[in-house]
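The structure follows.
Per-chain residue numbering starts at 1, and chain names A, B, C, D, E, F and G are given in the order in which the chains are listed.
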Amino acid sequence: MQGQAQQQAYDRGITIFSPDGRLYQVEYAREAVKRGTASIGVRTPEGVVLAADKRSRSPLMEPTSVEKIHKADDHVGIASAGHVADARQLIDFARRQAQVNRLRYGEPIGIETLTKEVTDHIQQYTQVGGARPFGVALLIGGIENGTPRLYETDPSGTPYEWKAVSIGAERGDLQEYLEENYRDDLTLDEGIGLALRAIASTNEGQLESGGVDVATVTTETEAFVELTNDEIDEYIVENDLEPTDEDETDEPAE
Amino acid sequence: MQGQAQQQAYDRGITIFSPDGRLYQVEYAREAVKRGTASIGVRTPEGVVLAADKRSRSPLMEPTSVEKIHKADDHVGIASAGHVADARQLIDFARRQAQVNRLRYGEPIGIETLTKEVTDHIQQYTQVGGARPFGVALLIGGIENGTPRLYETDPSGTPYEWKAVSIGAERGDLQEYLEENYRDDLTLDEGIGLALRAIASTNEGQLESGGVDVATVTTETEAFVELTNDEIDEYIVENDLEPTDEDETDEPAE
Amino acid sequence: MQGQAQQQAYDRGITIFSPDGRLYQVEYAREAVKRGTASIGVRTPEGVVLAADKRSRSPLMEPTSVEKIHKADDHVGIASAGHVADARQLIDFARRQAQVNRLRYGEPIGIETLTKEVTDHIQQYTQVGGARPFGVALLIGGIENGTPRLYETDPSGTPYEWKAVSIGAERGDLQEYLEENYRDDLTLDEGIGLALRAIASTNEGQLESGGVDVATVTTETEAFVELTNDEIDEYIVENDLEPTDEDETDEPAE
Amino acid sequence: MQGQAQQQAYDRGITIFSPDGRLYQVEYAREAVKRGTASIGVRTPEGVVLAADKRSRSPLMEPTSVEKIHKADDHVGIASAGHVADARQLIDFARRQAQVNRLRYGEPIGIETLTKEVTDHIQQYTQVGGARPFGVALLIGGIENGTPRLYETDPSGTPYEWKAVSIGAERGDLQEYLEENYRDDLTLDEGIGLALRAIASTNEGQLESGGVDVATVTTETEAFVELTNDEIDEYIVENDLEPTDEDETDEPAE
Amino acid sequence: MQGQAQQQAYDRGITIFSPDGRLYQVEYAREAVKRGTASIGVRTPEGVVLAADKRSRSPLMEPTSVEKIHKADDHVGIASAGHVADARQLIDFARRQAQVNRLRYGEPIGIETLTKEVTDHIQQYTQVGGARPFGVALLIGGIENGTPRLYETDPSGTPYEWKAVSIGAERGDLQEYLEENYRDDLTLDEGIGLALRAIASTNEGQLESGGVDVATVTTETEAFVELTNDEIDEYIVENDLEPTDEDETDEPAE
Amino acid sequence: MQGQAQQQAYDRGITIFSPDGRLYQVEYAREAVKRGTASIGVRTPEGVVLAADKRSRSPLMEPTSVEKIHKADDHVGIASAGHVADARQLIDFARRQAQVNRLRYGEPIGIETLTKEVTDHIQQYTQVGGARPFGVALLIGGIENGTPRLYETDPSGTPYEWKAVSIGAERGDLQEYLEENYRDDLTLDEGIGLALRAIASTNEGQLESGGVDVATVTTETEAFVELTNDEIDEYIVENDLEPTDEDETDEPAE
Amino acid sequence: MQGQAQQQAYDRGITIFSPDGRLYQVEYAREAVKRGTASIGVRTPEGVVLAADKRSRSPLMEPTSVEKIHKADDHVGIASAGHVADARQLIDFARRQAQVNRLRYGEPIGIETLTKEVTDHIQQYTQVGGARPFGVALLIGGIENGTPRLYETDPSGTPYEWKAVSIGAERGDLQEYLEENYRDDLTLDEGIGLALRAIASTNEGQLESGGVDVATVTTETEAFVELTNDEIDEYIVENDLEPTDEDETDEPAE
């Protein structure tokens, strides 16, 4: 209770430091990320895999409407977790940066460059008053000079590069799962399988058809491709993740 | 009481995150939506149906004055629930976007594009200081490339695509009603009937003449059409929703 | 007391949502409207009647100085209730909109259009920080395409269309009186009588000469006309509203 | 004490509504008006009289320095009560408006027009944040189309037209005195006498020489004229208001 | 204690009215004036005298550095009391106004005009948010059309004209001394003597050499002249104000 | 607890002084620096060494992604400790300053000049409202006119020049280690060794391969060079810092 | 404790007056000055001496990095005490003013003029909101028209001229020392000796080599000259201030 009162003192008005050097509004924004369903990125020598858990909230909602993976440019995909409306702002920002790069330099933007332009934008919202931080984390994956790259952005505006990473709900368990099962020499197919099995691991090892989005950018095509539901279902079967019992309907997290 | 004190800490000044990653002002704006009477959208292969409960507040008030369904462009209708004056702002915004699209590209704006321009606008009011969020939800329905589309916007600025959806008061019960009674192969007439029966379901199965607005955009005409009171009354009779007892006058919700 | 403390939390600084989705500053502005003496509008097939209770505050004050009914354009009148200085701002705004319409389109502004421009302006003051809402309600009456129209604006920026309506003090009783006595086929004279009798109904059935303003816009002339005191006195006599006892002097409400 | 705490909640930051629809900052500004010594206006068929109580604060202060009546234009005078520095701002504003009118239309500004420009200016300071209301009331008197006009402005920005009126300290008693003694057919001389006797009525029926300013605008000359001390002394003698005892020195009110 | 709490409520943020119509920040600024050592102005038919108590704070401080009397233009001097840095801002403002007047009209600025431009500037800091009031009072003295004029400005932005006046510490006693000893027919020399004796009256009738500044503007020269220390010492001797005991060193007031 | 309450009073809103003349927000930003892992700078006659502890957070995170040493210009490197996103802003700022210098003067920017441009930028964020201070310290090292220079910037915006210095976690112990082991005549190799041994001193004398970044700018090449992991491993072996036990995984500090 | 609460009320947000007319933020800024080590200025007929105590904080820190005396122009030096980063801002401001003066008038800026431009700049930060006051005092010394001048600026923006003065820590004792030992006819050498002995007086009469900076501007050269460490050491020996015991290492004050 006393600690609570202390915390409350730092979350009013603009984003400022607490006596122990923390930015509470940024940490609270990280909580907003945890409230979103998980997205997972896996980097393999053949390309980058983005997968997103989107357990539908209602049978009447179009599954495609819970978009969590977006094309940012021909060679870049972005998956998000957290506050959906904030994610859209950042993805639009990323798209504009990618377009500007093509116009100005006549070539696709580097994945690292793009990530850092996004994180610089995010950082501004943690330092300058008059706005709150972005309550969303992104996975930015693509091909840069023939090499697969996978980055994470967090609400503080820090960029991280990963081999495999999870953002959103149950990050602790998912990251542990990835650490145990990731290998540097995964094929793209194995990468997709790893991502799906990781998501399923938090759901009793099962995945509903249509309950997950998957996209890839391979070194071969250097093109962002979203898998169809049928393609995904094949991977579900292949990886033995078919649900045996569909009674469970999860509460939406946001 | 203690929880109450905690909440109060987050609703002053600008929209900021609470320690558990929530945006209270956005959640309170959702409460404003619930205070409004319900609007319902139903998508059928033949077109989109928008229906709005507008139980009149006084016999002297013009029923047409409680407008809850608006034409946004020839091929798009918008129904609202919540703070009426806020709804008007967003609908005007949507109209301008639709006009700009016609001027710039010489063609009608896509329903998804329009929805996302509206939700991006809404999102800004949840992140940048100096203004409160919009206390209104919208249903945006229309025809895009010959296909019926139905979207919802909420006060956080998130877009959702639906087969059938309810916003405003008693959303829980209404959504349950829709889930139980929706079929993918509804005719437009059946869609109108479903919407009316859903609204009636919260009023002892009865609908007053003039107590509901209905509009459609069909794939055939690609035109927003508001039903006349007489046309609506036919549907009321057809669906056996005539009031047997008119003593009840509801308190206005707003 | 506890509820009081809770309310106080929402009325500082800018206009924001309370946990139950209400905008307290807007509700308080509605209280400011109730503090003003009543204005009444009555729509008849022959034209619109605006009447305003302006019981004079002092024998030395010019009755004309307590203006509550104003000409907005040749064919539009506006009556107000609430904060007088705020009313003047909105009426000036309405006049400018009407003039702009004539300049731009060469024709009189529609009553509905004018009302919505005014309510959009009011809404801005309830959403954007740095100013308080307008503490005033307006009745906007006039002729549009040969048809009498009567609108109300409230401090939230919502427009309502009415057959007969009261704003300001004792709205509850007055609205009930109007509902009981209004008929769709009133003549203009009967409409004036109804408005005067309604105001008198809150004052023991009596009306002082000079204690009320009346204006009309008829379908015949499409012109805003203020009745002279003599003309009003005739209606007072005709409707048997002469005061029998003038001892009572009311406290000013504002 | 509890009521006090409640009031305090509304007087911080900008001018906002209290739960009962009041604007406390405006009401407090009215208190600032009451803290100033009285000014009185009397309208007679021959012209308008402005008189101001300016009991000198120190024998070393120049009486002319406590200016409370000012020429706004050839045909308009303004008397004030309340916060002196605020009064100067409004009087400068009024002068500029009068000059602009002469430049733009080649004719003297109407008294009603001038008053309303001033009250519109005052109103802005009660609605838009970042400044406090004006703590002053004005009497604006002059000749418009050959007719004497006398207006009051208050801190809310409401204009009132009067036959005779008092602003500032002891308004209640003074207004009562005016109501009892005013007649519509006063000569200008009688009007001056009434104003002086009213001021004297709050000072045991006595007026010091030099303790009051008087100015007139007559229909004959349509010119603002300040009376000399000798002229005022004649009226004091004529009206039998000479002090019998000068021991009393009043505390300055501001 | 309770009164204290009440006061505290009004001195945060911008300058606003208290429930009894006072502007606490302005009153607190007046306290800042009282914290400064006294300045005195005396108007005689031969010219205006400005004198300032500047008891030096340290033997190592240059007495000239505690400037309290400044030349504003050839014919105008300004003495100050209160917050020294604020005084410099206002004096710079006054100098610019005087220069602009010479440039624009080719003639020296009137003393009254100059004073009112300064007080209008001061007033703005008491009404518009984002800055505190000026914590300083000024005496503005000079010759206008051959006539000596002496004005005071206070932190509210009110101008006063005086025959003789004191600002700063012990104003009550000093003003009483001036009232008792001022005569309308003082020579300039007598005026200087009166000012010095008044200052000495608060210091056991003694004045240190170098502990006071004196300046004059006479009708003969219409020029601001600062007296040398030797000249001042002659007046000290002439008026029998030599210190008999120099042990006392006063604490600086600011 | 009481001291705590006192502190809380100074960390809301903008950066202001506490009664004892401290800037709490700046001190809290220094705490943010301490939360980051250490960076170390060592200046030798042969060149400047920058070393950064970057114990990896997860085996799946790319070690290169936890960048803590950056090239600011050909001849300047910058190491950081504290809030990573803030560091990126300042490093970008430094790069732009270095580029501008080359464009404007055709020569490399001086290390002292660059440092002071950065600290002036940092200072602004501690004085002007609307933003928080930077939560990061930098080490800026390079060659200026053939001489090695090593500067530190802190969150207050103060520049310090050092022979050897540590920023970030455990600064106290590390600085003590440097003071005990630094010699003015270190070779560059010895300087690298000193930096690595200092970092290892806080980790039981051990350094993981890949757990540290090292860069140098030598007087010979005047070029920023990052050591490869293999090169660093050689130094680890040379200095006998190989880990004997890798069980320990540190929690990330930020 | 109660007094403490009272103080806290005045140090939030912008700089405002306390009920007793004080500006707490300015007074707190003066505390920041006291937290810095002392600087001393001594004016002799031969020139101005500036000396600064800079007891080094660490053997690894470059003594030159703790700059406390700066050249502002050829003929002007500035010493500071207090918040180092704030000092740099003001010194940069002073340099720009000096340059502008040379460009505009082709001659060196006067010491008094320069001082007042600096204090006017400082004053703005104590009156206008949105920034805190400068937490630093300056000594500005130089030659103006062949005459040595020595000024102090404080955080309120007040300029003082001195024969000899101390700013920063232990001002009380140091000023007393200066008052006791200053003579108007000091040679420059004696002035340097006085400054060093004063600083030593607070350190048991001892001065470390390199623990003090000294600079002069003489009437002969009119040039700012910093003494070398060797030159300073000679003065230390000459004045018998060599440390007998170097065990003591002072904690840095800032």
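Note that in this section contacts are C-beta pairs under 8 Å (C-beta built on N, C-alpha and C of every residue); 3 or more make two chains touch, one makes a residue touch a chain.
The chain lineup, named per UniProt: A, B, C, D, E, F, G = Proteasome subunit alpha.
Please read all numbers here as calculations on a predicted model, not as lab measurements.
Asker: State the smallest step count from chain A to chain D, taking one step as a move to a touching chain.
Answerer: Step count on the best path from chain A to chain D: 3.
Asker: How many angstrom lie between the CA centroids of chain D and chain G, rounded to a whole number?
Answerer: That gives a centre separation of 55 Å.
Asker: Would you kindly tell me how far, in whole Å, the mean C-alpha position of chain G lies from that of chain E?
Answerer: From the centre of chain E to the centre of chain G is 31 Å.
Asker: Taking each chain's centre as the mean of its CA atoms, how far is chain B from chain E in angstrom?
Answerer: That gives a centre separation of 69 Å.
Asker: So which bits of chain F are touching at least two other chains?
Answerer: Within chain F, residues 12-13, 129-130 contact more than one other chain.
Asker: By the touch definition, the chains form a closed loop. What is the full order round it when you set off from chain F toward chain G?
Answerer: Order round the ring from chain F, first step to chain G: F, G, E, D, C, B, A.
Asker: Show which residues of chain A lie in contact with chain B when the two form their complex.
Answerer: 1, 4, 7-8, 11-13, 24-25, 28-35, 58-62, 64-66, 83-86, 88-89, 92, 125, 129-135, 254
Asker: For chain F, which residues are in contact with chain G within the complex?
Answerer: Those residues of chain F that touch chain G are 2, 6, 9-10, 12-23, 116, 119-120, 122-123, 126-130, 151, 156-165, 175, 178-179, 182.
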